[in-house]
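Before anything else, here is the set of structures, which you'll find just below.
In the two complexes below, subunit A is the common chain; its partner is subunit B in one and subunit C in the other.
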Partner chain A sequence: MTRPTKASLSRGPRVRRWAPPFAGAAALVALFTFPDWSASMEGSRYASTILRDMLVFAVYALSLDVLIGRAGMPSLGHAAFFGGGAYAAAIAAERLGTDELAVTLGAAVVVAAALALVIGALTVRAAGIFFLMLTLAFAQMAFAIAFQWTDLTGGSNGFAGVRRPVLLGLDLSPPDSIYRLVVVVFGIVALVVWWIARSEYGRALVGVRENERRMRALGYDTTRLKLSAFVLAGSLAGVAGALSAWSFRFVSPNDVGLGTSVTGFVMVLIGGAGTLLGPILGAGLVLYIERVLSSAIPYSQTVLGIVFIVFVLAARQGLVGVAVQVWTRVRR
Partner chain B sequence: MSPELVLQQALNGISFGALLFILAAGLSLIFGMMDVVNLAHGAFYMLGAYVALQVVQATGQFWAAVVIAPVVLGLVGLVIEPLLLRRLRGRHLEQVLLTIGVALVITDLIGLVWGREARTLPFPPGFDRSIDIAGSAYPTYRLFVIAFAVVLAVVLYYLHRRTAIGALIRAGVDDAEMLAALGVDTDRLFAVTFAVGAALAGLAGVIAAPAFGVRPGMDVDALIFSLIVVVVGGLGTLGGASVGAALVGPAETFGKVLVPQFALALIFAIMAVILLARPSGLLGRIRISR
Partner chain C sequence: MSADGAAVAVDGLRRDFGGVRALDGVSFAVAYGERRAIIGPNGAGKTTLFNVLTGELAPSGGRVLLGGQEVTGMRTWRLARRGLARMYQRNELFDPLSARQNVALALGAARGPYHLRPAGERAEVDEADALLERVGLADRARDPARALSHGERRQLELALALAQRPRVLLLDEPTAGMSPAETSAITALIGELERSLTILIVEHDMDVVFRIADRITVLHEGKVIADGGPEEVRGDRLVNEVYLGKVLER
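Moving on, here comes the complex of A and B:
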């Protein structure tokens, strides 16, 4: 993968160093205020709903990319933590009798992390294809529980009428409020993932991806590193799940199912694994195909499958990789 | 549980295991040869069932479907391997990802062509009744499934052990690179292997259709169960597929009766225990987890 290394970036002019964070902050402000400045435009409400869903799945894809892009762990069971978080947020609000954000979001993170700890302990020792296969199979266990434990989850009917959260007495249930909550949480998660990528911990994960044996020889406990990454990624996916539960006010076993795991994988790979922007763009593109394009053509899933195949065959670095290649060619 | 119920459930378990064997044999064959876990295996299975539905609607002949569906799936495999997988030869993870894309396309196209409602396929004539076994009625079709899988296992075992193509496949599983160095056209061998694996998935789809129905989502169930079977039994060998199927089939049926809410969780618990105790599966040679 040809990416500008950190060293080459930091030696560049000051403008180049500060441009990405500044653009990111500007984009977040624009997103946060979207319902205001688009209010007069036609279809503003619909657009902000689509944007909200894109951002929910961007959080999900960012969390998965910690595994796929950084640590080189191709998990095909990430929906277990997304769905686990979604159910936890929904059930906590109903059973604990409080809609306080800290409680319901906390429940989502704790449940997702606990699930990730169990599944991770059984799977992180496997590598490559085996890891993919095992995460897929064990995540399906979470699906089975969600599907069959009807008293708790509503079974195949799903969990309808999820209560939206309250932040210190401020009701977040109006559409604009929930949209803004999603934008803020998305910003925080993106910042966390960006920070992980730059930290010593993140470099160690990349080391595990590139050469696990050498990392072990250097004295790193690679199994623990991988398990910690798995739990961290699972917790962030739990956050995405909670956002999804509040956005749709509905949780179904599909949120835990293979389809959701595959969707996350497709988002990360189409966008560009191991980059901050990639999973976000990938989530946007996939949601566009699934939500907007699907109302125009009946075979949107086929389009998605073909797009994915083309990216795996011809552009393994995803949209971001293609953009970087085009950019370097243009500048030359 | 009464003795009659135990017997009935045991037969159900064995016939489900028999079906799982047909399904997992194809997955295991492809993996053994190409080091690719074919995640489109469930979609191939589903396509087999829908092709059978079409054939039975057109001709009224279930037995024609048993022949035609595997042939169709074999052709699909013969197209997909050279067209897609061969381009990424040696990059196993990318090949696995490709099969995800293939599965997305196939399941969506099935929905477009045949609709997204659950369908049924009638039992074939001669196997549409029940017979009396130890005082309770038991559907003959399920007995047929067991017999069919046993015969298939014997045939596969014979092909694998006693024929030239079987020798090539065994050699390819051991060391495909060396085989190529010896002058064997491995491109063709890989294409044929992938086609045979796909045909077996299609065959499982036909055989399953009358007993388990034809519906969206059947692909995921089939994929998960065949993965569990190969993880439990061991990847890449026929013996592994048969042992895994013999264990998982009855475990699933008895789990459903004894702990209905956690039947599937029980299967995964078995899988977890086996992975911890024997990381290569019961009969496998490839270590799945360290």
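Moving on, here comes the complex of A and C:
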């Protein structure tokens, strides 16, 4: 066996440390400039619409994974904050008389955070299946409000013709502009989630996930810690909701509904909970099946169901877990 | 000794589980720096007593005092902040995290979780490694807790409790399931801890008890049946009848 030289020893870890951020930044640049470099290709406009929607839901899945993957809190009511943010962005633009991004996005975050604070205060003490059912129940209440408060939300007809935002006077309503906004916001949210995951705060969330009792015995106020994670995740879901409202120019009670909560759950589990890439890939795969595959083959929802079952039964760690396993096997 | 001048004191402590009275008017006081063993047969109420002391169970009656201040019914995490640490009987660790990260989480409790700087800063890692070395796990720092042997997990449990820089340390059967060699290693380790630390130890191994304890409290069916120095307790007729006679003859 040859002994590794000093040079190779020092280069290895450095490459490993800087490769992921570098790849991430490169991917973001490629995404941001996609409308430019793909302009000559056929279906470029369609592809950027699909990409945009994937990234909107990637933000949503990333926010949910703060709860599921990091803190071990399986919420089945996350749509309350996604939909809450979507309605808030749409209604703020209409009622406040300004389309300024800071105002409408701010409204989405504030409303989603306030909702999460109230619902979280009533649910985070419960664990496991009880937490799941409680979050579901509260999200259904939010759904009922969206459905019945017709003056504000448009009720079952939904809220159509959402006004797209303006950034310091720059109109972001053209398709390419809203696409780029989504890419930038996605990049920021991914950075925030990545930073949190490696911080002392993120480590404490993992501690709660692995052994809440011991965390309390060590002196952590775990109830407050879980509530903070719930509000953080809710706020980021509100951001995703605003992006959704601007992308589709439409908000409906479905955005607050059980279907949207379940979709987020499925994205996180298929992609790989507790990883940065997992929820992003999960959102991409689910959207691909729903949007692209559905026009090519019948029963795309059934395909999604089967994919989900396969992952739950055979690949609990999701796409990322499978990739890691394959990689370690190949290297051996 | 009065309860006010004690590091830990309980006064008329009761705890009922349905119709069963697990603790039935338990009173004792432990001086600062004392090593107090709590012994008694299975079901005597030892673990219930620890659970009440750490706030994991609310007492049905009576008072708990820590450093002369009443803390009855206080939440577990607040008691931990006041300097109460516990080594659990069944290991309560963070299984997928490395031994070092386990200790780091315990170290981080004092300054709270709301910090966005990257975890694992140099000083903290050094401190965690020093604690791991102290309990004999220096070469296991990078291994996940779940990969450790039973004895090593007990050592890591102790490292976590020590990382809290406690004033009062509760040890719930520290040598349970350990080999004789591991038992004497951890007994020596406990014996070397700072004398400023007050220690309550529940233990079935009487060699360990008589080696460590300054005083012994004997529980039987939720009541204190003896409380005194090792020789005093060893000579107590009632204690021998319900507990020691059986344990020591074996």
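We adopt the following convention: the second predicted complex is superposed on the first by the 320 of 332 C-alpha atoms of A that agree within 3 Å, B and C clash if a C-alpha of one lies under 4 Å from a C-alpha of the other, contacts with A are read in each partner's own complex, and residues count from 1 in each chain.
Everything below uses one rule, namely that a contact is a pair of C-beta atoms (placed from the backbone, for glycine too) under 8 Å apart; a residue touches a chain by one contact, two chains touch by 3 or more.
None of the values given here were measured: they were computed from a predicted structure.
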| item | value |
| --- | --- |
| Contacts of A:R329 with subunit B and subunit C, given as first, second, both or neither | neither |
| Contacts of A:M141 with subunit B and subunit C, given as first, second, both or neither | first |
| Per-residue contact with subunit A, leading partner among subunit C and subunit B | B |
| Partner chain(s) touched by A:G202 [first = subunit B, second = subunit C, both, neither] | second |
| Contact residues common to both interfaces of subunit A (with subunit B and with subunit C) | none |
| In the complex, subunit A residues that touch subunit B | 74, 76, 122-123, 125-130, 132-134, 136-138, 140-141, 144-145, 147-150, 257-259, 262, 265-266, 269, 298-302, 304-306, 308-309, 312-313, 316 |
| Complex interface listing, subunit C residues touching subunit A | 54, 56, 75-77, 80-81, 85-86, 88, 92-97, 101, 104-106, 108-110, 112-119, 160, 164 |
| Complex contacts: residues of subunit B adjacent to subunit A | 35-37, 39, 84, 87-88, 92-94, 96-98, 100-105, 107-109, 111-112, 220, 223-224, 227-228, 231, 260-265, 268, 271-272, 275-276, 288-290 |
| Of subunit A, residues touching subunit C in the complex | 195-196, 198-207, 210-211, 213-222, 225, 228 |
